[in-house]
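Dropping the structures in below, format is structure tokens.
The two complexes that follow have chain A in common; it is paired with chain B in the first and with chain C in the second.
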Partner chain A sequence: MNDRLRPVMLEQAVQDARKPRRPLLARRYALEIRQQLAWYWQASIIGLALLVGLGLSAAILVAAGVPAGELLNEFVVLTVFDLQSLKAVLFQASPMILVGLAGCMAFRARFWNLGLEGQMIWGAIGATAISLFQIGPEALRLPLMFGAAVVCGLAWAVAPVLLKLRLSVNEIISTLMLNYLALNFLLHLLYGSWKDPRSSFPYSPQFQPFERLPDVLDGISAAVPLAVVVALLALWFLGLSRAGLYLRFVDANPRVAGAVGVPVRRMIVATVLLSGAMAGIAGFLVTAGQEGRLTQSFYQGYGFSGILIAFLARNNPIAALVVALLMAMLFVAGRSLQVFYQIPFSMVQLIQAILVICVASSDFFIRHRIRRVQGGES
Partner chain B sequence: MDMIANWLGNTPDFAVPFALAALGLILTERAGVLALGAEGLMLVGALAGIGAQLAYGTPGVSLLLAMAAASVVSLLFALMVIVLRINQVIAGLALVFFCQGLTGLLGTLLEWTNKPVRGLGAIELWPLSELPLIGKVFVQNPLVFLTPLIFLAVVWLLTRTTTGLRLRAVGENPQAADAAGISVLGYRLVAILAGSALIGLAGGYISVLSTKLWIADMTGGRGWIAVALVIFARWSPWKALAGALLFGCIEALIPQLAAAGIRLPQYFVLMTPYAVTLAVMIWVASGKQVSGSQPGALGVPFIREERR
Partner chain C sequence: MSTLNAIQLTGVSKSFDGFMALAQADFTAKWGEVHALLGENGAGKSSLMNIAAGLYAPESGSLFIDDNPVRLSGPRDASRYRIGMVHQHFKLVKPFSVAENILLGLPEQPGNAVRGSHRQRLRALEARIGEKAAELGFAIDPCQATESLSVAEQQRVEILKVLLAGARILILDEPTAVLTDQEAERLLETVRSFARQGAAVILVTHKMSDVKRFADRVTVMRGGRTIQTLDPQSVSIAELVRLTVGESATTHAHQPGTPGEERLRVRGLRSPEVGGHRVLNGIDLSLRAGEIYGIAGVGGNGQSELANALMGLPEPTEGDIELIGFGDLRRASSEQRRALRIACIPADRYGTALAGELSVAENFGVGQIHGGRYGSFFRLRRKRLEEDAAAAIAGFDVQGVRSLKQKAALLSGGNAQKLVIAREFSREPQLVLVHSPSRGLDVRATAAVHGRLRTARDAGAAVLVISEDLDEVLALADRIGVMNAGRIVAEFPHPADRQAIGKAMVTHE
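Now for the complex of A and B:
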């Protein structure tokens, strides 16, 4: 082939290849910020990160004593293809979807709501109070419990958001401290005046049958459609409403948003309060749907799950639905591991943390490019 | 009278973990790394300390291993914030959840939960320990007496040495430090490792010397309180020590109230450290804004952005 017909780039490559190779450590690398990366590259990087995270988790599970051959069975086959487990997953998914959406909401307003557990606890306390003191007629009892959960969850989010906006108190610390306050108040009730005298455990009395969420379809609790409806409302709020549009302004740049006339503070307060309300509903779903009474540890694991779902879903409500379903699978599988292999439930939290770390790390490769510096004399 | 003497005598024991954790956080944050992972690293230190204590039974070795374990785990945090430049809030939270899961899992699988260990005996500072009322303050385990010395050493390092000056420069203005030929990432790595060792020591103190056994999530938010304490102390070690004593007083008062037979709702009493933390945060925020005390580049990842 004629040399002149070769493309210039190929020529360059040939010349590079003729140069003496530099040893690996003598090469210099520079980090650059990427402006843009095609979506399919982004997706494959995140997918790869998830695979790495799942691989690490599998290795830890095997090290903890789960036979390697059983992993797929335990996590996929028995959770999705078994009707009983599938119902359990859907059931588990309903509070998960709500805390995930609550996380999304708060993050959209640039608010680190680590108080999801406290808001859940208060939601559950509110719902239980309606049942315990028999407020309202029987037919209205469930809606009243729902309303109480909304109000209580919302109320527990008022202080941190106002403190942040008025005094710029760090919301990470304030919401976490409020979690501990809520938890101790829950224990105060359960070991004190709300304890069921017929039980030796710190449980509240059982709810009446009409105070529990009924099954809509054979074996599928009303919690599932309820969660879906709330999720659709959240979708409308974040995606279609004027408030959602404002919120995207606020998320992108609060100052510019304020300058063009978006009520920034009011938007932030409203969104964070809604986030608290959704966490409260999640508390209602767990108590009235799953447990049928107030217990001392019903909220465990949901606070982190909510944040994790929002983070993995990039604050996108539709993606949050999918991630929440996957988290519910993880929870159900974790419970069965607890029963069959005596593996503590902390395993679930460890796997969640590993997934977050892997996906967060993948962000580095999306946002930066590593270039080899030519020559190295500079 | 007896109650007050006991209360004061127990205060240092409760204050030391807060003090050491806050000091570790200050060391890390002065280099510009926002360290939210204290709660998790304390748990790692606590579990490692108990494990070593069950295996060897030498408290000194156990505490050193607690420090080493927290440092090793903090390498993960260093990887996330120094190499991968992840948002430091996310990295810190992920670290806490990772450590909570890891220690909960290991504590159960290795069967270290609820197994009592032998701690360290108390030393009397003789003439002082005979004083009325405050005498019991001077009958403590050796690490309590060591804590002020550790504080002195860290303060000397930060304010009187070139290393400390460079570390603070990295936290205040990494670009300038980089231009002056200081390795920003190297200093941040060392600050994370050293600070985490101190936080691990705080955790080891709780499990090996204070409660003398391991329970999952036994730090109960003390790491978060230490984070708040650092903000309250405006990144100054001596103010953090004073704040730690305040929280030590509050925590030491809880068992004393019960012992004195004062009937208060138990769980409301247990809320006090958290409520006080909130109150202190509000008080600090509503006071005069002291500018310039927060490290200038706190929480900002460093990237040199070399052009070809």
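Now for the complex of A and C:
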């Protein structure tokens, strides 16, 4: 029976071989573009992508020598369930929330503000100048420092936005280059005239107690409620005010926005300046909240984190709040890994990058659908 | 004409996000014929042909080429079966030359491989393009960048692209929509002779006259179904219209308006001189309240530039555009334009009128948001906006809106246009500026849009209609200006002589 079947099978095999070959994946699946996807599906896809990213990061950490059993302990238990660490996380999170919001703001206006770090540095320099030159009475010193940070951060964003609108200068380049200018100016100050005369280390003299952000509640810095308030303001601006709808049009299609009467240029200028101001506040929080003096702590890549936070949060202020908290957990855990396992702090940036790549790739599944094609003759 | 089937689709269904675009559609084209596929916008013509060209995978149904069952994995696969489609919106890489664009579309067959460097292969291809173009009677320079070509020339490049890739089943999606009468005639003559040489040509269209004059058979589609296949010579246009629309659509006889005082005066409007040539070269026109002024002309004679200048879009011009009682219209800010109740309906719906990614309600509401109708700057009254949007959508018969939060990009052309009109007409307009309002719209949607324009005129608005479709201008306008080489070369009061207008459109000084 086998012998009789064989020629038929052979013939079939020859025919199969003659058929046009298709790539394996194209055989039963079709890729389609999705027009619309409910927000909860989008959220689940992004959540899944984050899980994948965390899994990959965990694998890398284990490979780098962190015991697998300790990971959960280091990243979750010791950051959230330990009161001291939780305070540290919140403390760490507040400037991150602000740079994240600053990113959301600018990106909503289709302005790729990569100069968050520069604006933050200027915010810090502005606040420190008020302290250094002892401007204003003691009671008003802190509000004045805050105001100076806002103005300086905002001012550092003026040139790129005007250059873009008037001369079409690419803001990615201009803002990025201005970061180097700001950073080198900071170093110039710290190694020069602003150096602490008492220690000759490259940082400014210590702020006086009334120049530092007070604690509001049992060790929780005023930086935390301040960050939440700014987040709520951003939520109002982007979601509930008229400006929010204008910005959605600017983001979706600037030409349409202009044609239907949205003040496109004014919206872009206002939003970018607000973004700069928020980054300035972040700088204020780092100096007056965390450090108590002007230091080089900006090397920790806050500006970069801000861009990541805005991206991961899809420019949504509430999501930025959450993502900034997660990033802060990562930072805090990263420091303890550095101490206990000698894992370099750059591992934190690697994890950040992995998470971003995963979420960015998940966009593919939001925009496309993979569907099984019903069987049919070929 | 042979009796052999070139391509056959049976029982084809396809849905998009729950919307049934095709329901059990059947279609057969034979070798040697020009087969028209007729239907309104959204009838499923393009979806059916995209399945035939391998762009979409059908959910059910089968495809036969030469009576053999076939499954297509994509356009490249379709090209192996010698199917080629020219889309309504051309798929050309603009900065690339004609030859480079055609090279991109060529399948990697042994016959196409020429040994040598890329440059040598390109030269060989350019020679082949030259031959093929001469054979079809196209004048095309293969080295020219496609972005510098006119729309008609770009279409010829698309046709050359699929023919050089070896297509014998040629699908043309709305090929005459962008062409002038003369260009359309030449194109259809060419494809008919191509069919006579034994190929199969499928002509997707909603123009009855093209079907009547050039098709051997016609299949009518409606609501995702194929209704009937017949011989166009044996049915009247009225019958074809009845089959496509489903009910007899009434054709409006022109009712003239009663013009009042002058509202818009344009004097000596020019564009800056570029290479000794001005796109707008001294436009003079005067628009009165209660009249529709139509600007006819062959596309590319400055209509878009004139529309931009009037609609407040970036367009450098010199000369006067005076809105009576206000002054220079170009100086009006967007807020002032709203306050003056100027309605603009641009030709490029998703380029300048609607943000496709945003919701229907937002696209509607943005028109009146500046006046404070939807709350102060500090608080957006979304509920009121949505109520107004819902009322306007019902009032202007915008169909296909499943939710106010739905993206505007999901609306079909006609419904998107109705949404634009609903927004622009939400405050009784005083001046209506319209460019190609029925481009890509079907009979019924066109009638609805025209009705709105007439209503606005009867309510006392001054209406300016710029259109490359002469039938549209004739149907709407109380006065017609003919635009040629950046000027209004002739003006005709209603009733105008079609022949005289046609002559003014094509005569060059």
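One rule holds for everything that comes next: the second predicted complex is superposed on the first by the 329 of 378 C-alpha atoms of A that agree within 3 Å, B and C clash if a C-alpha of one lies under 4 Å from a C-alpha of the other, contacts with A are read in each partner's own complex, and residues count from 1 in each chain.
Here is the rule we use: contacts are C-beta pairs under 8 Å (C-beta built on N, C-alpha and C of every residue); 3 or more make two chains touch, one makes a residue touch a chain.
Keep in mind that what you see is a predicted model, and the values were worked out from it rather than measured.
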Touched partner set for A:349, first chain B, second chain C, both or neither: first
Partner, of chain C and chain B, that touches more residues belonging to chain A: B
Partner chain(s) touched by A:252 [first = chain B, second = chain C, both, neither]: second
Contacts of A:341 with chain B and chain C, given as first, second, both or neither: neither
Touching both chain C and chain B, counted on chain A across the two superposed complexes: 30, 373-374
Contact set on chain B toward chain A in their complex: 36, 76, 80, 83-87, 89-91, 93-94, 97-98, 100-105, 108-109, 216, 220-221, 224, 227-228, 231, 265-268, 270-271, 274-275, 277-278, 281-282, 285-286, 303-306, 308
Chain C to chain A touching residues, read off their complex: 16-17, 57, 59-60, 62, 69, 71, 73-74, 77, 80, 311-313, 334-335, 337-338, 344, 346, 350-358, 362, 365-367, 369-370, 374-380, 406-407, 409-410, 423
Interface residues, chain A side, partner chain B - complex: 30-33, 64-65, 112, 114, 163, 167-170, 172-174, 176-178, 180-181, 184-185, 187-188, 191-192, 304, 307, 311, 343-354, 356-357, 360-361, 363-364, 367-368, 371, 373-374
Parts of chain A lying in touch with chain C, wherever the complex brings them together: 20, 22, 26, 30, 34-36, 240-246, 248-249, 252-253, 255-263, 373-374, 376-378
